[in-house]
Amino acid sequence: MSDLALAAILLVPLAAAALLAALPDDRTTAWLNVAASFITFCAALTLLAAARPATGHFLIVDDLNIVFIVLSTFVAFTTSVFSRSYIGHELESGRLSSVYLRFYHAMYQTLMFAMNLALLANNLGLMWVAVELATLTTVLMVGIYRTEAALEAAWKYFLLGSVGIALALFGTILVYLAARAVVGEGLDAMAWSVLVQQAGGFDPALLNLAFLFLLLGYGTKVGLVPLHAWLPDAHAEGPTPISAVLSGLLLNVALFAILRFKSVMSANPGALAPGPLMVSLGLASVVFAAFMLYRRQDIKRLFAYSSIEHMGIITFAFGMGGPLANFAGLLHMVLHSLTKSAIFFCVGHIAQVKGTQRMPDIRGLTVSHPVLGWGLVLGVVAIAGLPPLGLFMTEFLIVTSTFARQPLLAIVLGVSLLIALGALLARLNGLAFGDAHGPSAPSRASFLPVGAHFALVLVAGIWLPPALVAWFQYVARLLS
Amino acid sequence: MIDRLALDIAHLCAGGLVLVSFMLLYQDRLTGLINTFALHAIVVSFSVAWQAYIQHAPQLYITAGIALGVKAIVIPLALHRIIVRLGIHRSIEPVVSIGQTMLAGIGLVALAVMVMLPVTAQAGTLAREDLAFALSVILLGLLMMISRRNAVSQVIGFMSIENGLILAATGAKGMPLVVEISVAFSILIALIVIGVFLFRIRERFETVDIHLLHEHRGEQP
Amino acid sequence: MLAALLGCVALLLVASVGAIALADRRLATTAIYGVALTASVAGLLLALAALLAPAPVPATLALPIGLPWLGAHFRLDALSAFFLVVANLGGAAASLYGLGYGRHEEAPARVLPFFPAFLAAMNLVLVADDAFSFLFSWEFMSLTSWALVMAHHRRSGNAAAGYLYLLMASFGTLALILAFGLLAGWSGAYDFAAIRTASPSALMGAAVLALALAGAGSKAGVVPLHVWLPLAHPAAPSHVSALMSGVMTKVAVYGFVRITFDLVGAPLWWWGALVALTGGITAVMGVLHALMEHDLKRLLAYHTVENIGIIFIGLGLALAFSANEMPAAAALALTAALFHVFNHSVFKSLLFFGAGAVLTATGERDMERLGGLIHRMPRTAFLFLVGSAAISALPPFNGFVSEWLTFQAILLSPALPQWLLKFLVPAIGALLALSAALAAACFVKAFGVTFLGRARSQVAREARETDRCSLGAMFTLAALCLVAGVLPAWFIDALAPVAQALTGSHLPERHGLDWLTIVPIAQSRSSYNGLLLFVLIAFAAALAAAAIHRFASGRLRRAPAWDCGFPDPSPATQYTAGSFSQPIRRVFGTVVFRAREEVEMPAPGATQSARLHVQLRDVLWDTLYVPAARAVALAADHLNAVQFLTIRAYLTLVFGALVALLAVLAIWQ
Amino acid sequence: MAIALALGVQLLQLALVLVLAPLLTGLVRKLKAHLVGRQGPPLLQPYRDLARLLRKEVVLAESASWLFRAAPYLIFATTWVAAALVPTFATGLVFGYAADVIAIVALLGAARFMLALAGLDVGTSFGGIGSSREMMIASLAEPAMLMVVFTLSLLAGSTQLSSIAAALQSPEVGLRVSLALALVALIMVALAENARIPVDNPATHLELTMVHEAMILEYSGRHLALIETASYLKLLLYVSLIACVFFPWGLASAAQGGGAYLSAAVVYIAKLGAAGFALAVFETAIAKMRVFRVSDFLGAALMLGLLAALLLFVTQAT
């Protein structure tokens, strides 16, 4: 049963990718895309419900990754629904030809496969390959519009991403070397399940070096400052569903990898604590992104920078460690990907109805497009960490638990959150309020995905199911 | 006794690779650069083959073969055609002067060695020194990428990084999936770099000089 | 009882969801305000019952929401009950007023969903018993009120006001989050019960006090964190302005009282000095700003700042006294502050309602274009007059009683051991007296220019009396102003349990003999009897009227105003708000506002009129906020360059990071 | 019995202040005239003025509202009540506890509030001048007054006038610097509050200098009569306030019998005469100051009051 589900999670996207690459017609492919994503999501749910499959040399299902699998399959599903209406508009406006559309759908499913593989991998090398694959597919999708800006963004993403991936590979090799001395040669020396137990005996010097490379390597994917440069442009120039997937899922996957290695690190007494490194990188990202928000003209780039900010917050939280901060970090990861992808859904429709991504040309949305406008307001309110939405809880926990231990860090974090809020609000005033101008044709978008995401975030802000909490706390303890 | 010799030879290859990386840094013409990179690839493939021999790991021969085939022959040829077609085979202007680049490179090698020193002998002297060399190759490749302004030379820099990685991977005795990783790495990069990007970029700009791309952005500075 | 109260809150939340569903329907306004009215009245009664209960035992309740492992704790003690009375009274009045006022609303769909939610949030803050629920409701309150401020987002300046408001509100919340971070410790003992038991160090206590003052103060409008208030409060619809000024600032005061008197533990004497001095400065700055203001609603908002200052003076004195183990004096000061909380919420709501009535009748907030409204809308004028008299601390109205009590507390300061306090408190007393006198001047201006004299514009000439619901709401509050002024003893006795709980003592209960006299400390020391004064004045006035009627001639002739012999028919010759405040501007403005006046005299023989330019500068704004904004802008501009580097430069960043970390590692090992 | 007596005293005082107030003003006018070598109006002229005003018809401006007609009664009533609560010749008034000195000041403030509004009601420029200047002066006078109160209550441990008077009668208070300062401050405040020279000139109708007169410019007939009476009462109130606080000798208290009351009344009238003489001399001696100098004048009063309080701390600490 669970093995079947496991297989489905990996094979359904793969098969769908092949099928979509082959099929010519646009309408059905969009639906097929949705259907495939939905099946994957169901498989993930059954995996959650059913007993854990046995841990193999290559695949593993444990407490840490199951939530990310469910989350990413869910967001992938909602995004595919959004992508349907989005792509329809793109075809009409002629920005995409049906050839590229086939390519797009195939790549979408490939990306899903790659991410699920990265999450499920029990083998360092396998995970590395999966992340590499995910990078390449997203590179291709970012470049899909083939405008100069898009190509440049893709090129930048590709170069930086590959350098990052190269560093990560070196780190992986070092980890293997460290493990080999204890575990012995062979696949075991690259399996998470083994590493975490044996980590105590590894050579700390080697581990330190390895973690440094892994942090920088996968950190490039996470978009931590100063490795973030690819992120804003990739978000701004690619199709909006891809922006949503990038912010909502791919960043999480990379961060997930770092978490895996962090747990190995912290299992080794001799190794340097990964905390300070992550804290400083995270804080740098938050501060930097907060200021970068102010001068943005492009609405998608704006929220891309806000993604950098939130990845910084999460990294900071995990760096601080402790049950509270880890719990908050995990919750923040989940809620952020829900919120941010919902925001990108809204933004995609807004850009389509207004025919531009330049914020100065978008005004008074709550007047011209009430649903989209208020959706955006809700999104900004959520992402700014205001109640009743969930991110307030996590930011509350992070700041309070930090202030008791590191007052200075907490103040820096809080103030930069405030600065970021200032920037987002200033933008929101222009976008959502005041007199409307520009085209005011009603958008034929389906608001189901947006509604679903915001509903989840809202509920999470008010009430978390005890089972989820207990499980989160368990993982939090696992991480520290 | 034979082991001693085997180690020395492996060691020699690794050192040779670092040397070739320096040669890469030294080049200031694309044609020369490409040829030197071919040499780089040859050295890597030889050292991989040697590792395959002393570790009795036949699958590594595949890696060596790929390195030789793809990176020593196919890609250099392709690059030659490209630069000729793009008409940029005259010369490339390094942003930083060669001399400074060299100095920086030496500094990087020193850094690599310093970082690797504390690694305990538990990992094996060979591994340690191999790692030091591999790290130097990687850093030198990065240095190359940032000291050149031209897309082709950046791609070459990146591929030299990858060579360093393969050196490290093969040096790590008994590491699984090395072949798969190397295959994935080289094939994908080769395809992407040459196939998709250079052509698309050329199709638009008639040049691969990246800094021209920076006119186009959604933002006003 | 607590459960029933939470039921009212739930009803309000349901109402706001329903408002979204109803959208722009005709009945929406009536339905929503009706529900809000019922819920508020119910809440008011419940709170009164809890406050006046013979043996008020704190009721607690925990719901499985909010922070998972903690749940949401709620608690209803005397302090919460008192503030709930204030909040729900204001809420009920605003809802009643809204029943009439809401009909003139141009975009009801932007007001109705948030109005009940705003009420609900304020109620939740007052009953929250753990840090998370408290801050959650607190920030939710800010958010809903922000949405209400943005209701008229098209009117110029409102968007900016909303922006500044939400930013300052979040600043306050951040400060409070940090404060609770200190109180709860990193183990995360967030519920108040645990916080009470923990005893923080002196340094920590000081930090908590500073953070609480910044956090609650920024919401209450304490100088220099008040800048958002005079912009945001007037921007909202008038009944919401009334709620924000009359109630939300009080909720902020509650937050401050809850933290400093209840949670953080024993105070230090200098806390009192700090808080009281802040209060004094706030009071004077607020009233001076108000005097310079021509916008009726903004004038009222600045007066909120002033009254918050008066309240904080009382709180500061209470802290100082209880730090020196003088419970009786502390109880007096605290009672004065809390009574002023109640009074201000009553008359400030009344005044904002009046301003709203004027706004709907004329569409004008600028006093320079009003005037003579007493002829067109006599009822509103009378009720507004009552409010003005009350806020100007004139007997026999309620404003005077609470300020009199504050003075009595100040007069006890010589007993304080610390010399700083000995010297500081009289000065604060002078500030208080000054602000009271200036407030009177300001309301002579506000009432005189708006309602008296001759109409300065066509709209003022054609104003119509406002509707019944609005008048009903205003009348209720005006009656309360008089009752609380004439029979203060009842209200002060109701405050006894609060004072008892927070300071361990309370004012002497009234004893039947001396007809409801209030005696702060001792009969021989000082006493006040509003009822007797009221009766005496009424008696004297009646006597005079009777005598005049009996002996004097009753003849009366209408004639043009004499005006020293050369009356001018044009209403432009009247004194305007600007000219009225000119002497005070001359006296104080030159220092506080760097006020400069220039008169352009036309050349001899030229026919154009002379012009007077008055230039005022808000020094605090220029010295605190402008530089901060500049710093952020500067940083943003410089960092923005990073968006436009070449790929090579970005690679260099990565490379640099790698090399740097490697070097660090090499050194570290 | 005691209650009845006290009540009687209270009622007597109510009547007494009403009767004596115009006389005091008349006295001051007469003395001023004599001092500048004029004959001056007869002593009882104020009574005649009031009677005549009461007989005349009221000429009401067209733009006047109900507030304009209601104001005089309220002004008169509040001032009268205030005046009746200040111990004139006897302490321990039966209604004394209803209002301490702060409340009395506030009552006068209420009267001023109404008067200033009345000044604005007709909508003439002079009314506006009067009101705005009056409120400016008051905004400075009240803090000064309260500083004096602070000093007194510091000495007497009370703000209840009877208790203050009693306390200051007791020998251990003695002569103090701060008392002198407080007295000066109080006199300055009194001058300002009663629109006397140098702050205002009760006799002038020169447009640019008048403050109090400007506000009541539009009043006539019985309304004017009430307001004039109120201002007479106010002068009397301040004089008796100064008298009972700083010169509390000869005040009768409920303990002594009726005879004491009689003598006390005589003493009181003597005090009034002295005060009137002092005022007349002072007013003839100095000139009126410009309106915007008033702030300095009252600022000085405020400083004196504060100084008095602080000095008192020092002396008590030793």
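Lettered A, B, C and D in written order, each chain numbered from 1.
The criterion applied here is as follows: a residue touches a chain if its C-beta (ideal position, glycine included) is under 8 Å from a C-beta of that chain, and two chains touch if they have at least 3 such contacts.
Predicted model only: the values in this text are computed from it and were never measured.
Engineer: Which chains, if any, touch chain A and chain D both?
Structural biologist: Under the touch definition, chain A and chain D have C as mutual neighbours.
Engineer: Tell me, please, which two chains come out on top when C-beta pairs in contact are counted per chain pair.
Structural biologist: Chains joined by the most C-beta contact pairs: C-D.
Engineer: Farthest chain from chain C, comparing Cα centres?
Structural biologist: Farthest from chain C by mean C-alpha position: B.
Engineer: What whole-number Å value describes the gap between the mean CA coordinates of chain A and chain B?
Structural biologist: 31
Engineer: Measuring centre to centre with CA averages, how many angstrom lie between chain B and chain C?
Structural biologist: 69
Engineer: Could you give the separation in Å between the centres of chain B and chain D, each centre being the mean of its C-alpha atoms?
Structural biologist: Those two chain centres are 100 Å apart.
Engineer: Mind checking the centre-to-centre distance between chain A and chain C? Centres are C-alpha means, answer in whole Å.
Structural biologist: Going by mean C-alpha positions, chain A sits 44 Å from chain C.
Engineer: Of all residues in chain C, which are in touch with two or more distinct other chains?
Structural biologist: In chain C, 640, 643, 647, 651, 654, 658, 662, 665, 669 touch at least two other chains.
Engineer: Could you list which residues of chain D touch at least two other chains?
Structural biologist: Not one residue of chain D touches more than one other chain, so the list is empty.
Engineer: Residues of chain B that touch two or more other chains: which are they?
Structural biologist: In chain B, 115, 118, 142, 145, 154, 210, 213-214, 217, 219 touch at least two other chains.
Engineer: Which chains touch, pair by pair?
Structural biologist: By the stated definition, chains touch in these pairs: A-B, A-C, B-C, C-D.
Engineer: Which of the residues in chain A come into contact with chain C in the complex?
Structural biologist: Result: residues 155-156, 159-160, 163-164, 167, 205, 208-209, 212, 216, 220, 226-227, 229-230, 232, 272, 277, 288, 291-292, 294-295, 322, 324, 366, 381, 384, 386-388, 392-393, 396-397, 399-405, 407, 410-411, 414-415, 417-419, 421-423, 425-426, 429, 433-435, 462-464, 466, 469, 473 of chain A touch chain C.
Engineer: What part of chain C is in contact with chain A in the complex they form?
Structural biologist: Listed in rising order, the residues of chain C that touch chain A are 64-69, 131-132, 135-137, 139-140, 142-143, 150, 153-154, 159-160, 162-163, 166-167, 170-171, 174, 177-178, 180-182, 184-186, 188, 190, 632-633, 635-637, 639-640, 642-643, 645, 647, 650-651, 653-654, 656-658, 661-662, 665, 668-669.
Engineer: For the complex, which residues does chain D have touching chain C?
Structural biologist: 54-67, 73-74, 76-78, 80-81, 84, 95, 97-100, 102-103, 106-107, 109-110, 112-113, 116-117, 120-129, 131-133, 135-136, 138-143, 145-147, 150, 153-154, 157-160, 163, 205, 207, 217-218, 221-222, 225-226, 291-292, 295, 302, 305-306, 309-310, 313, 316
Engineer: Could you please specify the touching residues of chain B with respect to chain A in the complex?
Structural biologist: Residue positions touching the partner: 115-116, 118-120, 122-123, 127, 131, 134-135, 138, 142, 145, 154, 158, 161-162, 164-165, 168-169, 172-177, 180-181, 184-185, 188-189, 192, 196-197, 200-201, 204-205, 210, 213-214, 216-220.
Engineer: What does chain C use to touch chain B in their complex?
Structural biologist: So the residues of chain C in touch with chain B come to 640-641, 643-644, 646-648, 651-652, 654-655, 658-659, 662-663, 665-666, 669.
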